[in-house]
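Naming follows writing order (A, B, C and D), and every chain is counted from residue 1.
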Amino acid sequence: MGFRASAVGAVCIAICFVTAASAQTVKLGVINTYSGPSANLGEQLDRGIRLYVKQHEKDLPPGVKLEIIRRDDTGPNPEVAKRMAQELVTRDHVQLLAGPIYSPNALAIAPIATEAKVPFIIMNAGTAVITTKSPYIARVSFTMWQSSYPLGVWAAKNGIKKVFTAVTDFAPGIDSEAAFIKGFTEAGGQIVGSVRMPVNNADYVPFMQRAKDTTPDAVYSFVPAGKDAVAIMKAFGDLGLKQAGIKLIGPGDLTTDEELPGMGDVALGVVTAHHYSAAATRPANQAFIKAYKAEFGTNEEPSFLVVDAYDGMAAIFHVIAAQQGHIDPDKTLELLKGWRNEDSPRGPFMIDPATRDVVQNEYVRRVEKVNGQLANVEFETLPMVKDPWKEMNPPK
Amino acid sequence: MEALISILFHGLAYAMILYIVSVGLSVTMGLMGFVNLAHGVFAMAGGYVTVRLMNAYAVPFGLALLVAFVAVALLSVVLERTLYARLYGAGELEQVLFTIGLIFMSVAIVRYLWGPSPQPVHLPAVLSGQIDLGIRSFPTYRTFLIVVGLLLIALLWLGVERTNFGAQLRAAVDNRRMAESIGIDTRRLFSLAFALGSGLAALGGGLGADILAIYPGYATEYLVYFLMVVAIGGLGSLRGPFVAALLLGFGDTACKYLVPELGAFFVFAAMIGLLLWRPAGLFGRA
Amino acid sequence: MTAALETIGLHKRFGALIVANDIHFRLDAGARHALIGPNGAGKTTLVNLITGRIPPSAGRILLGGDDITALPQAVRVRRGLGRTFQINTLFRGLSVLENVCLAVGEHHGIGGDMLRSLAARRAVLEGGYALLERLRIADDALTPVRELPYGRQRLVEIAIALGLRPTVLLLDEPAAGVPSTEIAIILDVIEQLPDDIAVLIIEHDMELVFRFARRITVLVQGSVLIEGTPAEIAADARVREVYLGEGHHG
Amino acid sequence: MHPIDTLLARHRFRAIELLPWLIAVAVYFVFGDYLPLGSQILIMILFALSLDLVLGYAGIVTLGHSAFFGVGAYAAGIYAAHVSGEPLSGLVLAACAAAVVGWLSGLVVLRTTGLTLLMLTLAVTALLAEAANKAGFITGGADGLQGMDIRPIFGLFRFDLFGRTAYLYCLAVLFLAWLFARRLVHSSFGRSLIGIRENTARMHAIGSPVRRRLLTIYTISAALAGVAGALLAQTTQFVGLTVLGFQRSGEIVIMLVFGGIGRLYGAFVGAGIYMIAQDQLAKLEPAFWYFWIGLLLVLLVMFARGGVLGLIDRILRR
């Protein structure tokens, strides 16, 4: 009898022990765009994750393992993204969520994060409102307002008086347009015309022609990074806006470090505001670039997506280490609030304790030739910018 | 006035690309009654061949275009003989499915080979910048497109009007059974027309690479526009798609320029109206 | 007496080509009428005009005294105008019985019925099957039409038209492509048609025409050349010249 | 057996027709972790079923069926976001909205055939997508419609995180739709649609009001597609522009064709296999998922036009 009881007890202890040990495998669900027309963006984001994990896996507390479960949302497909989140939570029992490229996808996942109490690290999606949609969301990337609003102020103070705005007709574009116009007009600038361009647009020449006909000092533009950015740059060059003395300015999506080499000389002189440039000379960035090229090829340039994902992983490693692998959702959020990272390739940044949104430096950059290669060269730093939208729309 | 000139100029350049890509589709659809949704694949292939040759092997633009034309024409003839020919006379649904299948496969293949991003296009320096045409300056590349486009079209029309091949082609489009009864080998004719049409599409893809970006989504994203040119122009005609391409080029450009808020709305609504008025297209036979 | 079918000045142009020129034509109840003429005379066009498959350029069509010129095909059929096609126009994937029952169903007015139970359809199936028996194709009732030889398909073509119980029946070359062994079946069927049905037959087989028809109209280049009894037609010199003289199609 | 009885027997209910439902119920108990995917499969089955009515039975080759799916999704979504979160009334409203759009567009589209019809179906969908894009103040535009709060069904069954309620809800709706569709295709009306598919000219010649029949089935099919769209909107509480996309139209045609068209159960087999395969395979190599789908389509057209069910038929007959 006694033997039996102790045997049962031993088994119980063994089970408890095993459970405890296995609980130290932290499951992270990543929802990202791995297929479809924008799969290249997803690949960038994933590279950031891979690079960080490769460099820092050894830094996890002993016995703690990180398991990453990747799911493809196939593009701006919120219903797929939502199902993926649902599956990650109910089927794979992930303790943390991260991703996605697209804001609508992030918005669709938000209710799941709330209901399942799974902390959700936003690695790209930049629509301002996202962080207000769930108390379990923290963002390490950027908001459209964060770069566009200060750029507007900067432009008005640097000799640009009249601007034509051309943005893609979806939330980030509209956010960016509103932010820029607000910043620019508040600082005394004048908007001479605005156009919102369709999401799937092939030819940007008509829009640029229209811009040219209003003879502004600059065209402010936001289009999705990738082929649209290339196309609008081409149209800008083809129509001779540059020769006519018109500048092209916009948030960093216009000249991502990854696409820049393919854009040609027309991109020279484009001024953008952004939180990251691969050409930055900070030591942390140079080490990062070196590691990136070693991992993915010497001709590859990391874009801000890589850095955002990389820093997102840093945040995740931070909460895992601080809790020794036992992830408690509310404690995780407490750990994230006010968390500060001084050695990011982008410079210092932190997560605002009040809004759980990122606070970071914005850099004004100009496209120049560095060693025969086009690069975004930072020439002015706007330190620790909070999301202006949240400043203007405080939670009620 | 400035605005009108801009619209006409850019609309014309856009129309040239649309026409060169789509004219082959009109002829093959009219001739063989084949709903070939995969026509855009040939344009995409032409674009990739042109751009890759230029980027990776520094082949001159003109030569790259020529290679694209020949290579894609040959490829298309192989596909036509081995696969398409089996479905002549099959139902529309089979043809639609088969060509969607081809699209899916080709998209996956180019993505595998060259990645998901658009291919960077480095045109010769002479084609960049502006050219002064007396009235005002115009973008050189687009001026070049219009000139080359018009030359190609003149060549094509002359060929179809003046050569024996053209005469046979016209006869076969008109009345296939009659043409066969007077000894025209329509199978051979089909293959030739198919190759020519696909080659032209490839040329259009290569020429227009700087306007319609070369990336794996090419074959689906622009498909609707190619189909619109054919449906509005009318099957089996050379003139019809030209007029349709002009309408679409001008219409689309004017819309973007004047009422960007409406987006593509106007273009689609106009197409529905046109097709209701003339279900067989402007120059098609009912 | 009101004609079962009458055309008044029926006219059809395709561009410059006149395919039906001022055709006045009358079919009385119970008529057994044949329409003959060389290839391209416009015989099938006339049938298509009467049934509404193509609209006339001018002229009127009366069915039982009512003007049906503007009515759509389907309405004409429901008013008693039935036809067969020169080239088999069948539901090739369906069985013979289903082919006929589609017609019978439409005639019973239940073609658009979405919910009627099977029991109610039994009458339709039985009506269809009876027709098959009459045409001696009941053995093939469940065979898909596409698997039948062309001659047997011809019989299905007629069965479908009969399934509509028409008052005016237009038969467009019913014997074309039928092996001689089976022509007899067709002839029998045509001869057994109820007397009150008006029948117009287009046919190249002169033996069949002269055996069947009580009146004959000769159509040449879209115009009526002559109309008369078989004896009158056979004796007419112009008919011999333009039609019979060209060669006997039998 | 007399041929008439044989024919009648073909329309009678057979035990094998219960199979999909047994599987669907079994999935609920066995694969509890997979219910969100299960719900989407059920929705796609319903969508494919609605397409089968027009494509498989009436022979209308359309590439624009997502128009109705999208209208249904937006109708249900807007209703839930702005009027009421009650799901059943939303479903009815979506069916009505899609039916109206189906009827109106059918008036236009069904006047044509062939390429023109194909283009018009594409254009109608593109037009609606553009409208939804531009009417951002009510549809959310390119960002999608958010903020739906779907209330419990009958006030009792809350939509839970694991998707149990959603699954059963979709299953119940699909079952009713199937009962209706089954009745429809076996009715005289259904047979006359097959007649139109097989030979439109002859249907005219036997006095069938072809245009009206086509318009009727187009409208009914649109309503069912709208219900499918509404289910998606309600179970995911989101509607994006992709519901009106060309890709969705194309994919649903592919699913149906995989299963086999004009067979009623092709939708079940095709949507089921496609969605599960996509869920499993797309994970491994998403880019090549489309290569294999493309290859499969080509092979299917060349060698197996009846789809999976057609193949099974052929094997059984041998």
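Remarks
The criterion applied here is as follows: a contact is a pair of C-beta atoms (placed from the backbone, for glycine too) under 8 Å apart; a residue touches a chain by one contact, two chains touch by 3 or more.
Because the structure is predicted, anything quoted here is derived from the model rather than measured.
Among the remaining chains, those touching chain A and also chain D are B. Interface comparison, B-D versus A-B: the higher count of C-beta contacts falls to B-D. Chain D has the Cα centre that lies closest to the mean of all protein Cα atoms in view. Chain centre most remote from that of chain C: A (centre = mean of CA atoms). The distance from the centre of chain A to the centre of chain C, each centre being the mean of the chain's C-alpha atoms, comes to 74 Å.
As a whole-number value, the distance joining the C-alpha centres of chain B and chain D reads 33 Å.
Computed centre separation for the pair chain A/chain B is 38 angstrom, with centres defined by C-alpha atoms. In this assembly, the C-alpha centroid of chain B lies 47 Å from the C-alpha centroid of chain C.
Contact with two or more other chains is made by no residue of chain C.
Residues of chain D in contact with at least two other chains: 133, 287, 289-290. For chain B, residues touching at least two other chains, in rising order: 111, 116, 261, 263-264. Each chain pair that touches appears in this list: A-B, A-D, B-D, C-D. Listing the residues of chain B that touch chain A in their complex gives 2-3, 6-7, 10, 14, 111, 115-118, 120, 122, 128-130, 137, 139, 141-142, 210-213, 215-217, 221-222, 252-253, 256-257, 260-261, 263-264. The touching residues of chain D, counted against chain B in their complex, run 55, 61, 63, 108, 111-112, 114-116, 118-120, 122-124, 126-127, 130-131, 133-134, 246-247, 250, 253-254, 257, 261, 287-291, 293-298, 300-302, 305.
Note for the complex: chain B touches chain D at residues 29, 35, 83, 86-87, 90-94, 96-98, 100-109, 111-112, 116, 220, 224, 227-228, 230-231, 235, 261-265, 268-269, 271-272, 275-276, 279-281. Every residue of chain C that touches chain D in the complex is listed here, in rising order: 51, 53, 72-78, 83, 85, 89-95, 97-98, 101-103, 105-107, 110-116, 118, 121-122, 124-126, 129, 138, 141-142, 160, 163-164. Chain A meets chain B in the complex at residues 37-40, 43, 169, 195-198, 200, 202-203, 205-207, 209-210, 213, 226-227, 230-231, 234, 237-240, 243, 259, 261-264.
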